[in-house]
Amino acid sequence: MLKSSARLKAFGRRNKQIGLAPGSVVYSGEFTNEPISIDLFRVEADVASYERAVTLDTALDVTQNELRWIDVFGIHNTRIIRRFGDAFQIHNLTLEDIVNPEHRAKVEVFDDYLYVVLRMLWLKDGVLEDEQLSFILQDGLVMSFQERQDDIFDPIRQRLTATPTRFYDGGAGYLLYSLIDIVVDTYLLVLDHYDMQLEALEDTIVSAPRRHTLDRITTLRRDLITLRRALKPLTSMMHSLINANSGFLNEGTKAFLRDVSDHTNEASDRLEALREQLSNLHELYVTNLSIKMNEVMQVLTVISTIFIPLSFLVGVYGMNFAVMPELTWDWGYFVLWAFMLTIAVVMLVMFRKNDWL
Amino acid sequence: MLKSSARLKAFGRRNKQIGLAPGSVVYSGEFTNEPISIDLFRVEADVASYERAVTLDTALDVTQNELRWIDVFGIHNTRIIRRFGDAFQIHNLTLEDIVNPEHRAKVEVFDDYLYVVLRMLWLKDGVLEDEQLSFILQDGLVMSFQERQDDIFDPIRQRLTATPTRFYDGGAGYLLYSLIDIVVDTYLLVLDHYDMQLEALEDTIVSAPRRHTLDRITTLRRDLITLRRALKPLTSMMHSLINANSGFLNEGTKAFLRDVSDHTNEASDRLEALREQLSNLHELYVTNLSIKMNEVMQVLTVISTIFIPLSFLVGVYGMNFAVMPELTWDWGYFVLWAFMLTIAVVMLVMFRKNDWL
Amino acid sequence: MLKSSARLKAFGRRNKQIGLAPGSVVYSGEFTNEPISIDLFRVEADVASYERAVTLDTALDVTQNELRWIDVFGIHNTRIIRRFGDAFQIHNLTLEDIVNPEHRAKVEVFDDYLYVVLRMLWLKDGVLEDEQLSFILQDGLVMSFQERQDDIFDPIRQRLTATPTRFYDGGAGYLLYSLIDIVVDTYLLVLDHYDMQLEALEDTIVSAPRRHTLDRITTLRRDLITLRRALKPLTSMMHSLINANSGFLNEGTKAFLRDVSDHTNEASDRLEALREQLSNLHELYVTNLSIKMNEVMQVLTVISTIFIPLSFLVGVYGMNFAVMPELTWDWGYFVLWAFMLTIAVVMLVMFRKNDWL
Amino acid sequence: MLKSSARLKAFGRRNKQIGLAPGSVVYSGEFTNEPISIDLFRVEADVASYERAVTLDTALDVTQNELRWIDVFGIHNTRIIRRFGDAFQIHNLTLEDIVNPEHRAKVEVFDDYLYVVLRMLWLKDGVLEDEQLSFILQDGLVMSFQERQDDIFDPIRQRLTATPTRFYDGGAGYLLYSLIDIVVDTYLLVLDHYDMQLEALEDTIVSAPRRHTLDRITTLRRDLITLRRALKPLTSMMHSLINANSGFLNEGTKAFLRDVSDHTNEASDRLEALREQLSNLHELYVTNLSIKMNEVMQVLTVISTIFIPLSFLVGVYGMNFAVMPELTWDWGYFVLWAFMLTIAVVMLVMFRKNDWL
Amino acid sequence: MLKSSARLKAFGRRNKQIGLAPGSVVYSGEFTNEPISIDLFRVEADVASYERAVTLDTALDVTQNELRWIDVFGIHNTRIIRRFGDAFQIHNLTLEDIVNPEHRAKVEVFDDYLYVVLRMLWLKDGVLEDEQLSFILQDGLVMSFQERQDDIFDPIRQRLTATPTRFYDGGAGYLLYSLIDIVVDTYLLVLDHYDMQLEALEDTIVSAPRRHTLDRITTLRRDLITLRRALKPLTSMMHSLINANSGFLNEGTKAFLRDVSDHTNEASDRLEALREQLSNLHELYVTNLSIKMNEVMQVLTVISTIFIPLSFLVGVYGMNFAVMPELTWDWGYFVLWAFMLTIAVVMLVMFRKNDWL
């Protein structure tokens, strides 16, 4: 868990150089020296071709009458990003957004293209991964910019290969929708994951809370804060996208996007429910601590209250006064025992009545 | 209670296959192998006929000039659902919504029909049941899709048989209204149930709180979170339904729906009041714990404060020093008792004054 | 207090029969067999006549050119209510609302009349009473429907008798305004009552908190929740009433209603302030508990810390070892006393320095 | 402090007679028998005349071409207030508002005048005072109605005398603005006061919290609730005033009022910050209590844990069994001391390691 | 940290003279006797000249066809500020705002200029500094008014010198944008700083919480309140600026400002996340205290519960009764030891089972 949290925490922290000219395309993410890699999908009527790691020139080569998806992994090489900008008339401010991996989800409508940025969150071997995802939509072209090779788009790649006609007919807008749809579906999977984590946490708290449990609550709270920071702007971004006045999205695509927006709202509702539940679990944990403390104190009090007076009594008859009549009585010792037992029994009955035992 | 919670928790969790093409009509609920069953109500002027478990062909057979209610139990057989889609021109996205049993309440207006989805919550032998309910409204036709055989529509079935004319005159919109009305009324019954649960809980906390009480609070909190997730979208769904620009709902029906909307708002208000009350009860419980802890500590402190100094004193006269003048005094023992009694009485008076006894 | 709470709690709970046809005029309140009673006020120019317990026929008899107030006590006899509905063209849905005594405050504009429903809250011998109040406004006619004989309208009755001209000139709208005004003023009185209760509570908590105090806080919290449920919809109801597009309310009346709306907003503000104050008082109470616990623990700790080491010392010299040199010293006993006193004094000084005494 | 709180608490409590006819000009504040006093300011071009305690007739005497400020102290003599109403065509509802000293801040636009009501809060010898302030604005005339002689307008009176031309040119609107401006500036002073109180409170809590501190927090909380009730409607009142469609306020004056509105918003922001800070201070105080409790308990536990086992040991060798071999050993006593010292040292080391010392 | 807090706390406190005429240009900040200093930047086509500490006359000298940035340090000399007002037709109310260093961020559109005021927050040697910053935008002219010499604009100065053409082409609007941009970027840096502080705090709380930790939380809370007071109005100010209907901002500049607005919203989101995280950390800290208290109490209880009964037993056999049969048994002493060991072992097993060890 710690590993995922560590990654999550970084989201929002920036190395940004203060005072750069606007539209300065300067990478502000963590340093990496992986090379940038570009995948290219071409769909022409019912034929789809998929080339991995194409050269920049191949990617930039524009041929008519086809649907293309240029999938760029790595945004730290700003020289290459700028080449894309030149080739496809992308505004410098957009390029700057693409290479700064800490943006809130948003949509921007330009004359030449539509720009969408959002965060992709997914689970990899039970560890949460996240990165920024930028899309450029033009006629017949979707460009996606990701930070690393790893992603969640394999099902789309398979469907593109299996049913190219559908995508060809739907156009670039439909492809963009499919990509966003899978991102949002993955959010729901991540929420399922946390749902189960919370259930497990509740079981732990109810049955056997430990100190470690508190760290667990803390980690989960931080994760949910991060999830919320990613999800909240997404909801309004989807709203903007559906209402965007752009020629690159037709009504058919918008109908599909409305469906995605339903899922985003659902995710938002569920996240709020999770947050509330976690907060309740913390309260439950604290209340459990109080209950346990009460039990501990009751045990201490019962033992002390019974034995401290008795110890006083036996102390009395341990004194060495010359004149202590009771000590000489034949039955003194046994009478004292009887008396002490009576006291103990009376006290136990009283504790029982007060519900302390 | 646990059983109902277990069911409730499942709401929102999905087995959805990530990356499916949009409009993929794939069932995502829990696995079941009950057969799908279809009930058919036909109303022609003042005659109503009710057939249970009709064949698919009977259900799909369209005859003019009558009001029909096709009531489908089971949504896991997507082949059958698709048959309905083909027969009544229902969009694939709608079919996908029908077979995914975890949707937020919503209304969608299509040219050929009106689609309404909401959650049905009811109590069965004191246990809360819930499932998704989809309605398709067309001219002279209401289709309802439920997950299981069990439902809350028997009063409507009786009224349909008893006063068919009223439904025939009101048309399909009126029938839809009647079905939604009963769903919302059942929400109010469920809230009554929780209202009584909270009253019982308050009595328990005030009179005899136990550890078990905390689990009860936790369970109720989770249930109210789930209720809220079902109820919150319902409120805005009713608003959309009343303002829906659809030819399938006339003004008369909308007047009735406004009445339902009043009830939904009322339910929403009451739910918020319940949530606040439960949160207050938790605080009450915790404060009660503190009060009890204080009482326990006071007892411990009173006993300790009186007897620890006295035990010290008797310890002193239990020492074996060769020279201890007091031990040889004739009245030493009795003087000491008098002294100790004085101390004890003074302390008791002081505790009484400080309101500790 | 408990009695008022018991009554308040009932608000919102219903015996409603699920699945009734809409507009089914079926009483859903608590069972009663008091007969329905009707009061009738007639104002003709400067003459007002007041008849108690008139017959239904008298009430329904329509004569021109006068202002009438038909005041109906009891809503459980639905046959009589339906008679009113027939005589004055009142929609079945409205009749249904009138006889279901758990509605949120609302206004409904019909062609033939204006319908207003709200809750009347008042103090009777220090006990809070509440019931539903429905008004039907037509030209020259106000009908009011109350649950029981008891109400708060006596000042209006006196003014009607004393200055009939004013009401005659103002018309039915002015009469309706006067009735609503007095209802809202009574809310302010109820808030005053709770204001004083909270002040008394604060005095108790600051001076002498007891276990009973917590029950008091709980009761008050529940009452304020109920007050809020009654008051919140009233605020928006007043807004609707002022903006209602109905011929039965003229501009002059609306100016008066704006004044009532000011009071409703004021009541709403004050209620929020009361709720916040009560929540602060609970925190205060809990903090006081903690302070008291701290004091108790400090006493215990001071006593224990001083005497436990001393008891150990006297225990040492109570041992029966054959060789214990100190025991044989002539001044051993007195040296030990001096040593123990020194320890005790040093400890007391340290406690004083740490602010524990 | 208590004195100021006592006054503040009264705000909102009313003696209002229920069921009065609307526009009944009946004083509902606290009883007083101070006489009403009227000050009159007249500005003609560059000459200002100031008369204290003029007669009613002088005040009501209307002369053309001058700017007048009629400043009325005391609102309990409703006969006099009604005289003003008659002389200046003031609506009865407005007069009713003027004499009921518990109104939320609001603006009302009438054909003949503009009515503004707000609360004046100020510090007098460190004690908070508050009263209601009503303004009537007409052409060339500002009337102000205050509860008592005491007020905050002396700087305005001096400026009126010193620079009458400025006011004469600005007209009545400018004078009204000046009066409201000083009221809002005084709010900011009051906030400064509470700002310093909170700083002092924080110092107390951090350095030397005492039981008394809690009362301080309680008092401050109640004061801030009252401040908020006065300030919240003021913000929206200023908004209404700026947007008021009234001939008595020209654009120049509105520019000035926008400036006042900025200050009101600033005051509102600062109040929220104060409230949050106070709530944090309470949490800080409670946490400090917990820390202190922990320290106390640790001391108790350390002392008990070391000495209770040792006391047991010395108890053992105080027993009187006939056969107890150790007692007869020559070095028994010294060996036991060594053993006990070892135990004590080991325990101290363990406590140190667990960070308990 | 304390130093920064001290400075921050001052923000919002004012020495304002109550009752001044509006537009009274009277400095209300802290007293200072630093002289006012003016820097002047002139850009003519591709040549930029930078003069430090120019005379007032130089600054006020207007030459055509160039872009100027007049950067004024010090606002306490109101005579000089008034000279600017006269030279550039600035309204008195604006001048008053410039010299009162406690304003909320806002934009005001005048015919002759655009006025922007906001707060500049930055870190200097790890200590937070803040001051008010006012901008006047006219054709070819940006005037900035700062409180002190120190600022964050050096990167802009360097870029002005390095690439004057870009600024010359962009005009005064572009320069204003650049200055605001750097202010907002610095907010993000400040948030990064607090992000790291919170991480360090969390590490401290999880590993080794101390009393000092609570002071840290308190300081951070107060700082975040202050940050929020500066940031909240900034968000709406940016919104106003983008929608400002002013000829001094062209569409190109507004596109850049929208980018800044994105960053402001991002900062706002992050601040809310920080606030929530800090609040969670406080809860974590308090819960940790409870856990530690529980541990302490368990140790005390275990020790007491084992040894108090045993001490009682050895006390019994320390009594001096004449007849105590056990004392005379040969094996009495050893049997007692065996019995006591058994009791101790049984208790330890029970504690282990109850999870207390």
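Read from first to last, the chains carry the letters A, B, C, D and E; within each, the first residue is number 1.
Following the convention adopted for this analysis, a residue touches a chain if its C-beta (ideal position, glycine included) is under 8 Å from a C-beta of that chain, and two chains touch if they have at least 3 such contacts.
All values derive from a computational prediction rather than experimental measurement.
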Shared chain contacts [chain D and chain E, defined touch]: none
Chain A-chain B separation of Cα centroids, rounded to whole Å: 26
Residues of chain C engaged with two or more neighbouring chains: 290, 293, 297, 300, 304, 308, 311, 315, 318-320, 324
Chain order around the ring, beginning at chain C and proceeding next to chain D: C, D, E, A, B
Interfacial residue positions of chain C with respect to chain D in the complex: 152, 154-156, 158-159, 163, 166, 177-178, 181-182, 185-186, 188-189, 192, 195, 199, 202, 206, 255-256, 259, 262, 265-266, 269-270, 273, 276-277, 280, 283-284, 287-288, 290-291, 293-294, 297-298, 300-301, 304-305, 308-309, 311-312, 315-316, 318-324, 355-356
Complex contacts: residues of chain C adjacent to chain B: 9, 12-14, 16, 18-22, 93, 96, 102-104, 106, 208, 211, 214-215, 218, 221-222, 225-226, 228-229, 232-233, 282, 285-286, 289-290, 292-293, 296-297, 299-300, 303-304, 307-308, 310-311, 314-315, 317-320, 324, 326-333, 336
